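Let me begin by handing over the structure; questions about it come next.
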Amino acid sequence: MRTVAVRKIDRAAPTVVDALGKSGVATVHEAQGRTGLMQSYMRPIYSGARISGSAVTALVHPGDNWMMHVVGELCQPGDIVVVGLSSPNTDGMFGDLLATSFMARGIRGLIIDAGCRDVRDLKEMGFPVWSKAVSAKGTVKATVGAANVPIVCAGLLVNPGDVVVADDDGVVVVPRLDAETTLAAAQAREANEEDKRKRLASGELGLDLYKMREPLAKAGLVYVDSAKDLDEA
Amino acid sequence: MRTVAVRKIDRAAPTVVDALGKSGVATVHEAQGRTGLMQSYMRPIYSGARISGSAVTALVHPGDNWMMHVVGELCQPGDIVVVGLSSPNTDGMFGDLLATSFMARGIRGLIIDAGCRDVRDLKEMGFPVWSKAVSAKGTVKATVGAANVPIVCAGLLVNPGDVVVADDDGVVVVPRLDAETTLAAAQAREANEEDKRKRLASGELGLDLYKMREPLAKAGLVYVDSAKDLDEA
Amino acid sequence: MRTVAVRKIDRAAPTVVDALGKSGVATVHEAQGRTGLMQSYMRPIYSGARISGSAVTALVHPGDNWMMHVVGELCQPGDIVVVGLSSPNTDGMFGDLLATSFMARGIRGLIIDAGCRDVRDLKEMGFPVWSKAVSAKGTVKATVGAANVPIVCAGLLVNPGDVVVADDDGVVVVPRLDAETTLAAAQAREANEEDKRKRLASGELGLDLYKMREPLAKAGLVYVDSAKDLDEA
Amino acid sequence: MRTVAVRKIDRAAPTVVDALGKSGVATVHEAQGRTGLMQSYMRPIYSGARISGSAVTALVHPGDNWMMHVVGELCQPGDIVVVGLSSPNTDGMFGDLLATSFMARGIRGLIIDAGCRDVRDLKEMGFPVWSKAVSAKGTVKATVGAANVPIVCAGLLVNPGDVVVADDDGVVVVPRLDAETTLAAAQAREANEEDKRKRLASGELGLDLYKMREPLAKAGLVYVDSAKDLDEA
Amino acid sequence: MRTVAVRKIDRAAPTVVDALGKSGVATVHEAQGRTGLMQSYMRPIYSGARISGSAVTALVHPGDNWMMHVVGELCQPGDIVVVGLSSPNTDGMFGDLLATSFMARGIRGLIIDAGCRDVRDLKEMGFPVWSKAVSAKGTVKATVGAANVPIVCAGLLVNPGDVVVADDDGVVVVPRLDAETTLAAAQAREANEEDKRKRLASGELGLDLYKMREPLAKAGLVYVDSAKDLDEA
Amino acid sequence: MRTVAVRKIDRAAPTVVDALGKSGVATVHEAQGRTGLMQSYMRPIYSGARISGSAVTALVHPGDNWMMHVVGELCQPGDIVVVGLSSPNTDGMFGDLLATSFMARGIRGLIIDAGCRDVRDLKEMGFPVWSKAVSAKGTVKATVGAANVPIVCAGLLVNPGDVVVADDDGVVVVPRLDAETTLAAAQAREANEEDKRKRLASGELGLDLYKMREPLAKAGLVYVDSAKDLDEA
């Protein structure tokens, strides 16, 4: 591993980043062809938050959160810190002091493939974190990693400047250069869903709305009246 | 697997189904001889909900939620959809659009041995789901499964028409024909507990209330005054 | 296993026990040299509770909660019951009736390396539990274990009379004789953090506050302006 | 649960059962439309064994192997005992004494959704077991379950008399009435594979043998010469 | 944690230690009342080994194997090194160099609640290890722990000088002072099993050998001839 | 995801690739500064194999092994196929037919972050596979992924042409451009170890060989004669 910190990264346009956040994780994930999701073990430390931002990345070692201070300086308001580990770990690498510093710099949240602590304080402060675990296990500051290099977080490759969207459904990452296209697809999807929602709410069946009856029959689905017919069939 | 959907199923009496819901999962589980619980990885997507209903079942394939639309049509108000998978999966097979449709039809909730998404919306809508995971991972509609056939969900065999009770403690299933007997046992249990609760709240010990002192001694429990006596014993 | 219950145990001073609770899990864990944490799978059944107390211990068998009644009698107001298992188990060994009894005796909470049930009731009653699982699976009362003996709970050795602190971050245990020293260290830590919190909140960087720039450079961290420089380096 | 043991069950024809065993788990699983597999946590306690037989089922309670003696009597030579649990458990419910008894009765192996012990002895005796765990944890004989009733084992519904095939790839179950059809499909599949194996061994590509080039292109696969072209594309 | 190494420990008599090894894990576990087993995730790195010895213990930190060298010096021929971790870890803390040193000192094997590497070499050398994982992940030598103090390994409290028995079934620990009693119980158990094994091998049923028919009936087991009777019952 | 296959990739020199294989996983991992290891859940389907080769990568979808045929054509003798998944999966994506084809083309082995089947046949053929699971679950050929693009496999970023070394200890990946440097470091490490191995085998302690006594004392390790002194200390 090269122990390096990259100062400048390219980011997507702030309006695009913010608009992706409004769409939410599930819609953005669909909009980019069902790709870009982190594994589902990444959970928010409290429910209800939804953020988007540009990824500032850190590659850190198990039980060592020294690089967290390095990435703080590299961030702009609107960024999200995304942390990958050099090997699996659940130690509590982030707490209320770091969060105070991050909030002061306009950082919107943290995505960390390890543990988080001080979760009661973080909830009160309103600083959202998605993590693999909650753990009070403290860390040292002994070994340097890297900042703003490509990392693997929760099974997903994240490049600095990629757009991160996170909410109660998990975390999705949009490659920086795909951000506009993905946003357009997401918004088209939402427009399309609005009408469907009304029709479904009025009791219309998805079978009819999506014209599924014929394809289902072709795919082999057979209806019988009761289990008795099943035995006779 | 036979790709079939059964239209008509027998259900337990609505008054029995509703009364079982009032008893809750732990009591119903005890009332039927400590059987019928799904494995404990099945968790509610938000806390506080408690539902009961008749099971309408679906057997679906990993990453494919086509059959969810089929079961919607098969439900009556008061039903609960219970979904088993043909092999293990955590994809987000259910979201707010399907929930809108399910609510419009009077379906009370969903039990799914896979993932769920749009959990913030589902919580706002008040549509409760018990699932193995929260995941935004989308699905396709390509392969048919079966509806209203016996399925395995979270390690438990569920037959269409069985009574499902779900709350913060998990999910319990009562075979349709045992519903009345189980309800009687549950209500007897509750009546019995009410008196005990008062006595325990007043400070009476379980040791005395349940007359455990003699059986404990017979079973080999010995009291000593302090650890020191332990070393000498 | 000796099937024994020890009646009298030594406890730390109540003022020390209570003050440790105010410091919280993460701080106390740091204050005793990053030791004493239970494994991170121990989670509160509802968020927001923070308790401290003297450990009254029980060693129980899987699926058998008989000893829970025995420990109830051994407790004083201010105690916390800590339960270890003779082999791994997730059954729901504790529910609202036992909680009613425990509350009546002034017990502050339960730490159990197994499952818990009736979590909705427990939340309403305000009786906090940290457990490995939520499960409605009931138990029997057939085999005796031991009470107020050393136990292993969630990977940690706990002696009767040790001080337990539990909150949203997990559970930490302080050996009884170390309680005062640990409290002093925790309070010194908190005093020290207060000033740092203000400076970080004002935008000062941790890099400067902790004087990390030189040690980071010595440890090998190199800054480059952009990824382009990285390729050339 | 009804505590009952059923003496007589229907079995598939021995020649069909044995022939299915020769095809092996992967082929039989494909031959019945990719269904019938137990979850992949079921592993053989030693490698190299491949068995088939008719399922004699037992439903047992965690930590209690009393019913194992009951099923022994219900078996014929050529049967395989399949054990489901009333709740998850890894205790060592089976060892060399039971295996001695099972072998004396011509039972071909054991499939158990719990633990197994004495694995060194079992390997020497040549009695194969597929289990969820290896564990020396002993059991009691206190509670009765059921025998030759439908059970759930490793996520799969198994009916008494179903055909079980088990080898290093896992465990597959064929419903009794589908046994002949599945065998025919399995044997057709094997005949078909023999020719393919030779052609692949000679260096012919699957792309050509299966005529995949055109469908891959239609499905969107694009070839480029090098990563450089990728950046330009 | 006190960073201390204790030079002298008491051990059980070598003849007792060796005889316990001959009985094996399952028998010794039963002989001491079904207690003393480590959790079943502890697996041998190769099959077929069976060892017994006196525990020399080490408490080490994740990713740091410095103490492994300290315990080497504290061992006598016939000892087994047992390693607990201060927090969960799977790094490969032990390899062929340390094994060379341990073998030269007559150490019989290693039990480690973390990872092991060089497993091909260890198998060739015949140095058996029971571990939580196989991992090549290397370690540092930076932080001291403790040696010959009580530790928790795989959920079990182990005191220096306790007797350890390990084989393909897992790891069992016998408190030093119980070693003789446990051996006597183990040998009585084996003598008793020999006769049973012969009778079971001759085809006698466990139901008859253990006189289970009457107790099973009393416990509620009912026999029916076929599933048909079940429906009518 | 771009559905693309890259035909030409750069590889490290064959002599370097082969020499890295001789060093083995643990040594190579150490030689590149304790980086590059896949997570420890990646296990060989049979023990004893040790291979090295140039990575030809595939990104595939869960339950779909179509791209496996595509990568076969892209390989040269001496390559190793490395497969990442677009979301977590354990299906058996590789079996004896594909292995026959891969062997015919001189491919040395497969690293797959999913399942593998036909393991008995693969062992007989001598085609080694490292996988996350063994599972007979079959796959379809319906969706294209990508070949020879950067992928994430078992938590690690792998670029086409990187050097892969795999043995019983797991899988390590060396970036192509670091291959020579890493080999030199690995060989230096081995030369250095040879002498140490002899001295340790002769009974010399690591404490003396590595001159650890003074640093241990400085780091705080204290020796006492017996546990009694511990209590008095």
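A, B, C, D, E and F are the chain letters, set down in written order, and residue numbers restart from 1 in every chain.
Here is the rule we go by: contacts are C-beta pairs under 8 Å (C-beta built on N, C-alpha and C of every residue); 3 or more make two chains touch, one makes a residue touch a chain.
Note that the coordinates shown come from a computational prediction; the quantities given were computed from them, not determined experimentally.
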Check every other chain and keep only those touching both chain C and chain D; list them. B, E
If each step moves to a chain the current one touches, what is the fewest number of steps from chain A to chain D? 2
Which chain's C-alpha centroid is most distant from that of chain B? F
Looking only at residue numbers at the chain D/chain E interface, is the share used by both copies over half or under half? Answer same or different. different
Which listed pair, D-E, A-E or C-D, shares over half of the residue-numbered contact pairs seen at E-F? D-E
Taking each chain's centre as the mean of its C-alpha atoms, which one ends up farthest from the centre of chain C? D
More C-beta pairs touching across which pair, B-D or B-F? B-D
Could you please state the distance in Å, as a whole number, between where the Cα atoms of chain B are centred and where those of chain C are centred? 30
Go ahead and note the Å separation of the Cα centroids belonging to chain B and chain E. 38
Which residue numbers or ranges of chain E touch two or more of the other chains? 34, 37, 87-88, 90, 137, 142
State which pairs of chains touch, listing all of them. A-B, A-C, A-E, A-F, B-C, B-D, B-F, C-D, C-E, D-E, D-F, E-F
Would you pull the chain E residues touching chain A in the complex into a rising list? 62-63, 87-88, 90-91, 137, 142
List the residues on chain A that touch chain C in their complex, please. 2-9, 46, 66, 68-70, 72-73, 90, 92, 95-98, 100-101, 103-105, 115, 117-120, 123, 133-138, 141-144, 148-149, 160
Chain E-facing residues of chain F, complex: 24-26, 29-30, 34, 37, 40, 43, 47-48, 50, 167-170, 172, 193, 196-197, 200-207, 210, 212, 216, 219-227, 229-230, 233
Going by the contact rule set out above, which residues of chain C touch chain E in the complex? 1, 33-35, 37, 39, 86-88, 150, 152, 155-157
